[in-house]
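The two complexes that follow have chain A in common; it is paired with chain B in the first and with chain C in the second.
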Partner chain A sequence: MNFSFLFANDIKIFFPEIFLSLAILIVLIYGVLLATSLTYNYPLISKNIYKLVLFILFLTSLLTMYNPIDYALIFQKTFVHDDLTRVAKLFVLGSSFACLLLFQSYIENSQINNYEYFLLILFSIFGLNLLVSSYDLISAYLAIELQALSFYVLASFQRQSVFSTEAGLKYFILGAFSSGLLLYAFSLIYGVTGTTNLINIKNFCLDPYFEGATIIQIALIFLIAGFLFKIAAFPFHMWTPDVYEGSPTSTTIFFAIVPKIAIMSFFVRLCSFSFSSFDGIWGEILLFSALGSIIYSAFVAIKQNSLKRLLAYSGIGHVGFILLPLSTNTLDGLQAMFFYLLVYMITSLPVWGLLLVCMKGKKNSQNSVSILGGLPTSSPILAILASLAFFSLAGIPPLVGFYSKIFIFFSAIKSSLYLVAFVVLAISVVSTYYYISIVKTIYFEKNKNWIFYEPVTKEKSIVLAVSLILLFFFFFNPNLLLLLSQQMALSVF
Partner chain B sequence: MPSLFYEEYFPVWIALFVSIFLSIIIFTLSYILAIQNPDTEKLSSYECGFDPYEDARNTFDIRFYLVAILFIIFDLEAVFFFPWAISLSHITSWGFWTMIDFIIELALGFFYAWKIGALEWE
Partner chain C sequence: MYLTLVFLPLFGSIAAGFFGFFIGSQGAGFITILCLGLTFLMSCFAFYEVAFAGSPCFLQIMPWFDSELFSFAWGFQFDSLTAVMLIVVTFISFLVHLYSTEYMSHDPHLPRFMSYLSLFTFFMLILVTADNFIQMFVGWEGVGLCSYLLINFWFTRIQANKAAIKAMFMNRIGDFGLALGIFCIFVTFGAVDYSTIFTLAPYFLSDTINFLNIDFNLLDLVGILLFIGAVGKSAQLGLHTWLPDAMEGPTPVSALIHAATMVTAGVFLIARCSPLYEYAPGALSVITIVGAMTAFFAASTGLLQNDMKKVIAYSTCSQLGYMIFACGLSNYHVGVFHLANHAFFKALLFLGAGCVIHAVGDEQDMRKLGGLSKIMPFTYGMMLIGSFSLMGFPFLTGFYSKDVILEVAYGKYSTSGHFAYVLGSLSAFLTAFYSVRLLYLTFLSKPNGYRVLILNAHEAPWRMALPLLILVIPSIFIGYLTKDMIIGLGTNFWQGSIYIQPKNFNIIDAEHIPQAAKLLPVCLSILGALTSFILYFYGSQSLFLFKTSPLGLKFYTFLNRKWFFDKIYNEIIGQFFLSAAYNLTYKQIDRGLIESLGPFGLTRLVSKIALSLKVLQTGFFYHYTLAMVFSLISFLAYFRFENSTFILLSDSKLWFLFVIALFFINTDFKSFKN
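For the complex of A and B:
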């Protein structure tokens, strides 16, 4: 029997991922043949591979954007292709393209000469793409592991630095442990329902004669614990500052910006689509975690001297904001969550890009907040960029961060979570304090010595400028982001 | 019913006695019939080639870890080969080419590991 006719359309729909995987394999072999060849005198190919990787990301995003199919379940319902996957994949690819543009000069300065660095980034992007479009517990676990394994090696890439090794080891242990928790939850769900497909699980849970409700509740607790580890939310956030501080800065930026949308997309599919009948359970847990993240990060980040750790703690706070509307399980909540995610990715580019501008050389000791103090004298435009980016994170009006926070509050109030909205409003004042204190450090701190910064390269300046313009533009005309987040929220249900 | 109990567990009883008896035979025969010339090297405890009773704080050679990782990968590839080989008639040519795709990807990984020098022992 000839089976190939069953999957012909699936391969056409899945073409961006197939292209990405073939490109990874070809670049791997090309790189190893060149880098170990005696005839070319063992050349350093990392710059060439870098440009090749940028081109591969550009082509993949073109293929993703112009995919002619709107909705399809492919490979016997283990993968799905709808609006959510298209937009999430485009944002993953676009933000990783911007991140790669940002950290080219950092890689040269810190002498990360292995071309495998970019290949690992491509592997993790491939894993994230698969995760976004997976509709089955097994394919999701494989995609999570692919992405996580690439991240473990990326975190420990600088072999001479003890910090980097420590960060990679901590991340590996915690990531493996959380994958174990996830796998236990998946096995419990499979044991009760007999299927791993999200549609079938939803049909089982909605059935009035379903006997396995208590076991599903236990499985949901393990599932949420595993996912909260991965996105660094409140009770499971402990690894984040150490891993972010120890990894090479380019890896930290990649961690902070790119994976959250993909992991949140699959998590939203699990919670709001498959287990929507259990939303009392996971809604309360996520609400507790969101509140805890926001309150914890607001108070702890005040005392931080190291810029990387401060940004890591503020990232935990943002994850709290992202989880808050998800716990309401409404369409408005999901739209607010996706809007906040998209805005967070756009805002993180200048904020984390600032770390790259102000770090010279490879020492982590130049990490303190006070090195931003020389910005107004040496480059006033960068000072304005920095202060506007932090204002957007804080949620101050003529920037789009204001809209994202407002939508979160609206969705909380629509679901009658009045006390929660009030508490989050009060706590976000506290988090505004430490963002404003960074702006105070930029403009009002007196330095004893002159602080010299690296000159900003052309690619970095384009990325920083475009993201800042987008921050202003989307305040006055947020239609594009609203439309995209609405499409993403609708395609979950 | 007691007779069913003894019927069910009688083979276990037999296996227990046969194993005890066989091990006693082998042990005593090897003790009686072997020529024994004790030597310090032969009598010392075995520790995979390292000196026994030494300080355990040697530098851990990364080669052992690499060998273990590569073994896991290619051993699991062999594990996937066995059911594929048996069920090939059921999954016809589609299954054949899918497995060939899997083999090609792992072969590319093997080629990479070879070229980059992960298989060199020294």
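For the complex of A and C:
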């Protein structure tokens, strides 16, 4: 094979990532030079960088969207490019874009003036994009570490806040622990098979005379433990509420919305593609984890007063819903899972955006649910938006959240998980209870004193409105999301 | 036109009900009367087209339910039976609307009242024009609802509330029977539209259906269940108690709903289902006997009522009994004929009574009236004609239908026929007696009311007098004019909308019964009238003596208290059900078992679990690490020993048991009391 020819094509396919990395570097240099420049009197360039980052994200998503090739394994099968990666990357970029629009004013108000904040976000996006298209354990690990390291810093970005530093430290230590688990799993796999490539691993696992099955089982358990930590699923979820609450809210939003789809798409590839023949093990663990997440989050969220913690637990519950169809290891299940992921991202935008609007900039303590009580009087439209968003999270028609839940149930029932479907359905009642009790707080609880909210910026309002419209639009016409999720599911196998 | 005539009253109702605030009392009255007038005119045209010109009209509007085997459409059918009902309903309704604008003129809620009246008319039209049982049921329930609303129109009066609830309650029992009947029909016939069912009825002649673990003849059971509906709506013996109490409503309501139209829906239903009943002899004899007993019971009760409207109400009940047993004797057309005639003179009577009540300041107790013939001679004349028509005085309207009913009863030559004949003739006597008693006590006796009231009494204003004047014409003549057309031998008026098997067709036999049997009812009613007149005019002293004698007192109490039906219902049945419902189903099951396993138990369980789980979130990262390591090791252990001990944990049934066990651990009944 002609080396240069192969290389040329690879670069063409990999161009969005290359562009992104180069752009990051250039912006970094630009920032370093300008921010430390005596001639310009050490200017605050975070707003400047923010706009640049938006522009970079926009260009990267354009490049990703118009990638000329549909399917390819590139760089010696280190990376893959197919429908799954394309859609997942687009959603990562798009949701980061929306998140940036949402929390820009928050960052300004809470005086995070360091331009590095945006750069770190860009780094983590780069890591996530690499993770999406990873086809090799090593590249995946590097990508995970890239985004995780950025996340650690993002979590502890408010250096003067005790909560923020505590959150960052906890996240870092526990994250390092989970990375250790992952690395151990990878080394075991490499030790048994001698390869780190996904398709090679798959071939080994399918081989009936493969002798390392027991080791692979153990490795798989470690692997799953590591990944469950990354996506905050049940037995490894405990960092989530603390980190979500302590971090600056902008970081929390970013944590909650963006990384799940990237991690899940690599995780799905690992489970349903490479270790498909071991689905007895990972299926069972995932099912346990899914049920645990759903049940645990539903019950604990009821007793939460802090809106951020509540949303963190609700996020754990949603991870449960995401894992449940994956554990069936069927095409329908994967489709339901991706559908749920996409809908979750869309729904999270207004929910977390609402939190941003209602929270007082500096004081992290002021984020109890009752602050929503002033919404109907001060901003009736926001109140409606909030209640609709929570209804969608609870899965009440006519909002798209209804479909995403029902597809999960369908996939569970199709795989004969009747008891599971029943239990999840019953627990859904509990989770619906706390979503609706928020709506109750918004509309039916009298506030003793007036609550003042920050005015909603134009960008924020656009993001909120568009996501809300999408919630309705996809209920009446879910074909687009269905097709996307089916494409994603199909390209796993 | 056909659809317009059904929906115009609805339009009037909406206009008066929702926009009454904008158009005011006069506007609401004007619009509803206009709509009803137009509807009446169209009904006349429809009557001409359908009944005279012989072209029935069937309309299918749109599908309503379209679900595999269960499908039917919104459909309207206008045949002769419907046409008769249309004329009766819209005519009386129109006059009552007109009358109400004056009678209720002092009421601030006149628009609401007019709206209810029009809504009632609309539902009644739906009922009579439906071409399937479900749509008929819509109308049936709709008129029940309007009846409730109108009885309870003066909703601040506790008696009105009670009467309305009672009416709803009794009708509900009947409706339950009707619904069961419709279910039976659907289960066996697989359809709910009249045409299918009536065509197929002969084929189910010997079919049986298992109901309450007993095999019944299908058609008999269906017939009886439908009849239970009719019993509720038409106030037949057993479920009749609501009708006298419904007199708490405004008098125009009594005239329209509880005399002329709604209560005859049961008769209409039986006549409409004649092709079904003709193959259900068992049901027919039940209908005959219940009808005859109602006729006699109500007449005897009406004898000694003191409330003017209640007397007329019992007379309505009694006349309904006549209609029902006429239908039970397979003479549906005679029943419907009596229905139409009765509607006219009974509306006349009620509206006349309304004039009296209006004049004397809402006094209804006949013992406190009297001497009004001098003050309001016009009303007296109207009431006189109405009463004579009611008692079947020769050559007035009531005579033509009532006599035929009794003749066909005799001409049936069956046990139930004779039973009906004897009771019907006795009722005729009683009817005449109480009619004259009413006239005497209200108009002819010496004034017994308060001076102020009598001084202020006045003749009815024109808007109340006009309906009386219009109604008096059919009350005198309509029986004579339409007898040959509606029940004449060989008339083709009904065109198959009523079906009578040839072997049940006995109106010819009725012509050949003994002369004495023919004359007896008339003689009895004249005798009753004379007796009453003489007793009250000349023998009131002896009447009083009889009433105060021990035997007489018992007799008086028995009849005045309506044979103690209400007492039995309230004290035995009602009390039993109330206490059972409160003590057993409410206290034990609803608030006890279901609450503790349901809402209360669940919420307590959930918050307990939540609290105990919340404790796990300590905030120390070494605890978190421990949890992670522990779960990792558990996973490893689980898959290591998957095939031995841990299999127990993975058994889903055990988990289910575990969840149930949680209820019993956490349910602490003592703390519920706090």
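A few remarks follow.
Convention: the second predicted complex is superposed on the first by the 487 of 493 C-alpha atoms of A that agree within 3 Å, B and C clash if a C-alpha of one lies under 4 Å from a C-alpha of the other, contacts with A are read in each partner's own complex, and residues count from 1 in each chain.
Just so it is clear, contacts are C-beta pairs under 8 Å (C-beta built on N, C-alpha and C of every residue); 3 or more make two chains touch, one makes a residue touch a chain.
No experiment lies behind these values; they were computed from the predicted model shown.
Look at A:K170: by the touch rule set out above, it reaches chain C but stays clear of chain B. Contact with neither chain B nor chain C is seen for A:N479 once the two complexes are overlaid on the shared chain. Shared-chain residue A:L28: touches chain B; no touch with chain C. In the overlay built on the shared chain, the residue A:Q160 is in contact with neither chain B nor chain C.
In the overlay built on the shared chain, the residue A:F222 is in contact with chain C alone; chain B does not reach it.
In the superposition on chain A, A:F299 makes contact with chain C only, while chain B stays out of contact range. In the superposition on chain A, contact of A:T36 is made with chain B only, not with chain C. Residue by residue along chain A, chain B and chain C are tallied for touches, and C comes out ahead. By the touch criterion defined above, A:D242 reaches chain C but does not reach chain B. The residues of chain B lying in touch with chain A in their complex are 92-95, 105, 108, 111-112, 115-117.
Within the complex formed with chain B, the chain A residues making contact are 1-4, 25, 28-29, 32-33, 36. Contacts from chain A toward chain C in the complex involve residues 169-170, 173-174, 177-178, 181, 217-218, 221-222, 224-225, 229, 235-236, 238-239, 241-242, 281, 285, 296, 299-300, 302-303, 419, 423, 430, 433. If you check the complex, the residues on chain C that touch chain A are 606-607, 609-611, 613-614, 616-617, 619, 621, 623-625, 627-628, 630-632, 635-636, 639, 652, 655-656, 659.
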